[in-house]
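Quick one: the structure is below, and I'll ask about it shortly.
Chains: A, B, C and D, in written order; residue numbering restarts at 1 for each.
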Amino acid sequence: MSDALLALHFQNDICHPDGRIPFSLDRHTIDATNFLDASKRALAAARKAGWIIIHVHIAFAADYSDLMRNCRLFLKTETLGALKRGSWGAAALAGFEPRDHEIVVTTNGNSSFGRTQLENELRSRGITRLNVMGLATQFSVEHTVRDAADIGFHVRLLADCCASGDVEAHRASLRTLAMLADVISSDAVLPAR
Amino acid sequence: MSDALLALHFQNDICHPDGRIPFSLDRHTIDATNFLDASKRALAAARKAGWIIIHVHIAFAADYSDLMRNCRLFLKTETLGALKRGSWGAAALAGFEPRDHEIVVTTNGNSSFGRTQLENELRSRGITRLNVMGLATQFSVEHTVRDAADIGFHVRLLADCCASGDVEAHRASLRTLAMLADVISSDAVLPAR
Amino acid sequence: MSDALLALHFQNDICHPDGRIPFSLDRHTIDATNFLDASKRALAAARKAGWIIIHVHIAFAADYSDLMRNCRLFLKTETLGALKRGSWGAAALAGFEPRDHEIVVTTNGNSSFGRTQLENELRSRGITRLNVMGLATQFSVEHTVRDAADIGFHVRLLADCCASGDVEAHRASLRTLAMLADVISSDAVLPAR
Amino acid sequence: MSDALLALHFQNDICHPDGRIPFSLDRHTIDATNFLDASKRALAAARKAGWIIIHVHIAFAADYSDLMRNCRLFLKTETLGALKRGSWGAAALAGFEPRDHEIVVTTNGNSSFGRTQLENELRSRGITRLNVMGLATQFSVEHTVRDAADIGFHVRLLADCCASGDVEAHRASLRTLAMLADVISSDAVLPAR
């Protein structure tokens, strides 16, 4: 297996206390702190292990002309004025900035695969297994894991490096995804050294 | 809005008491009976309303050479010897047989959109809204709804016409999908006459 | 390299003297006879060599409701009344019938990859190189070769097993595709035994 | 019809006299000058007309780790050291710089549609017709037109705003594409004012 780490949506509007989207992460809990700490450790360990690192960012045009207006989730993004391309809110959260040689995939949907370059980035490098972390668990993370499984990739979902503002949905998501991926602790996969 | 009804995986191995997959539907419950009855009524009403009807069937080569061997769900299909193309198990459940002019999409994955003709079938006919029913809720139904939302379709999920052998996962799925689709009773959308 | 043979559009309306599409193959020439003979030999040799065989058929609903009405090529198909699903015209030309265990991919577009199961069929079987034959060279064959190259497959185009009613376009196509595929004689790849 | 202008690969390595790719444009001919002038006029007129403007750039990682090594065309890009992301060669040619609110799609393949956000950008804005210009005609332009036609878009190919270092291939391409698009002069579509 050749591994890549997929880091989904570690962006200010989604993770930072001043970010515009409140429902992706309950910022003031110890769980949120643990999630961000575990994710930083996993990122550091994956870099040390020489894995391909792929950052996926979701962002929209400033006038939301590329936002699908077909469902509550997308409409809410517009109402909140969140994730405008080039804004502070769409930028990487401190500690999750992509490095020069790392891959950045941008999307305007929930799946990291739907109409993005992600599959080409993976196939051209011979990647066969994705290690996924990020948020929100039941939206972008789950959709990305589902798409990866459907097109043949092996997936490990780093459970402690996923989060959602809706803890119940987060848990249900991990439970269902166990049929499509290895749901596993980041420490088991990427021991800190 | 121009509507289509998407009927997912009403196949013997998945729904029939003698079918090989036990976890998609708990056949001997009143809930299962209600689900199948509601789905038949919705199909009849959609036909009466002149909607485009699309049946999605999942099936694999007899030697499973086209089955992805990357996760528990697909591997289980092979272990159970289920859904072999051309077999009784892969055929439509009685009452859900596609009619001559209706569309049949075949897939070897969970999403009805991933690498199938479905999107072309919809775009060529100017369909803008999908009404989705079928099983299992948290696998094929959910993945299909997610993909539809991500590429701009309006989606109504007919809640009483979805089912799963795992009731808890079914409920969690409906709850999450309410952000991506209108989760609604079939009677509200397609009144029987 | 693991090889598959892709046989495109060997269907009555496209190849048979009584078929409805006149511009895909100039039936009454010696070139047409040679093309069909070479293609049959290649199919037999590929079967003998144990390659995966994939037949791609193009077909439309009887009312052409799934036909894109955006360009001359598709509109012409409708005017000619060609390639209706289930008709004699859409069926395999004698000598090119798919065998039981062989793969059949159906499409309503020029590319064999665009919104079909083809890529999943290839990835699930670990195929890395496509050997392409069929017609018309400058439409379906060329589009399929282009798509295959763009997503990382190695492609061999069996030059003597491709044809078009427009010889000039056929030649220009082979010339351009030499940058994307190995344009080669079928004998060099699949020696008859 | 709602129109967009698609401007393909107006980048230094491909168009500038000091660019690294020699075969995309024969820079020192009057035809090259005319092509660039006509393309600038079309871009200005499309902006004046209020069309959506989409720039498509092709670029690769500095180490070409995302380059498919399956065919001559891609391998040549590496040999020439061309189109490295972030380099002068991959940047927009003077006169073709994207403006702030315009869309930029980046690809590592020939088609502008294959695994990019392009289709989502178009669908979310209700675009139904693409007006395509750029180079090289027989590679990226042709592949993009083919893909657009296959998924239902109406296409106008601005013939005087397309170019290739291989004039014969350029002409053959326009001739074949007339079945899939309206091949037309930019003046007929976008009169300069």
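Basically, contacts are C-beta pairs under 8 Å (C-beta built on N, C-alpha and C of every residue); 3 or more make two chains touch, one makes a residue touch a chain.
None of these values were measured; they are calculated from a predicted model.
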item: Neighbouring chains shared between chain B and chain D, ordered by label; value: A, C
item: Chain whose average C-alpha position is farthest from chain B's own; value: D
item: C-D compared against A-C, more contacting pairs; value: C-D
item: Distance from the mean Cα position of chain C to that of chain B, given in whole angstrom; value: 32
item: Averaged-CA centre spacing for the pair chain D and chain C, given as whole angstrom; value: 28
item: Approximate Å spacing (C-alpha centroids) for the pair chain A, chain C; value: 40
item: Set of chain D residues in contact with two or more other chains; value: 68, 109, 114-115, 119-120, 123-124, 151-152
item: Contact set on chain C toward chain D in their complex; value: 68, 70-74, 76, 109-111, 114-115, 138-139, 142-143, 146-147, 149-155, 168-169, 172-173, 175-176, 178-181
item: Chain B-touching residues of chain C, taken from the complex the two chains share; value: 61-63, 65-68, 101, 103, 106-109, 114-121, 123-125
item: Of chain A, residues touching chain C in the complex; value: 119-120, 123-124, 151-152
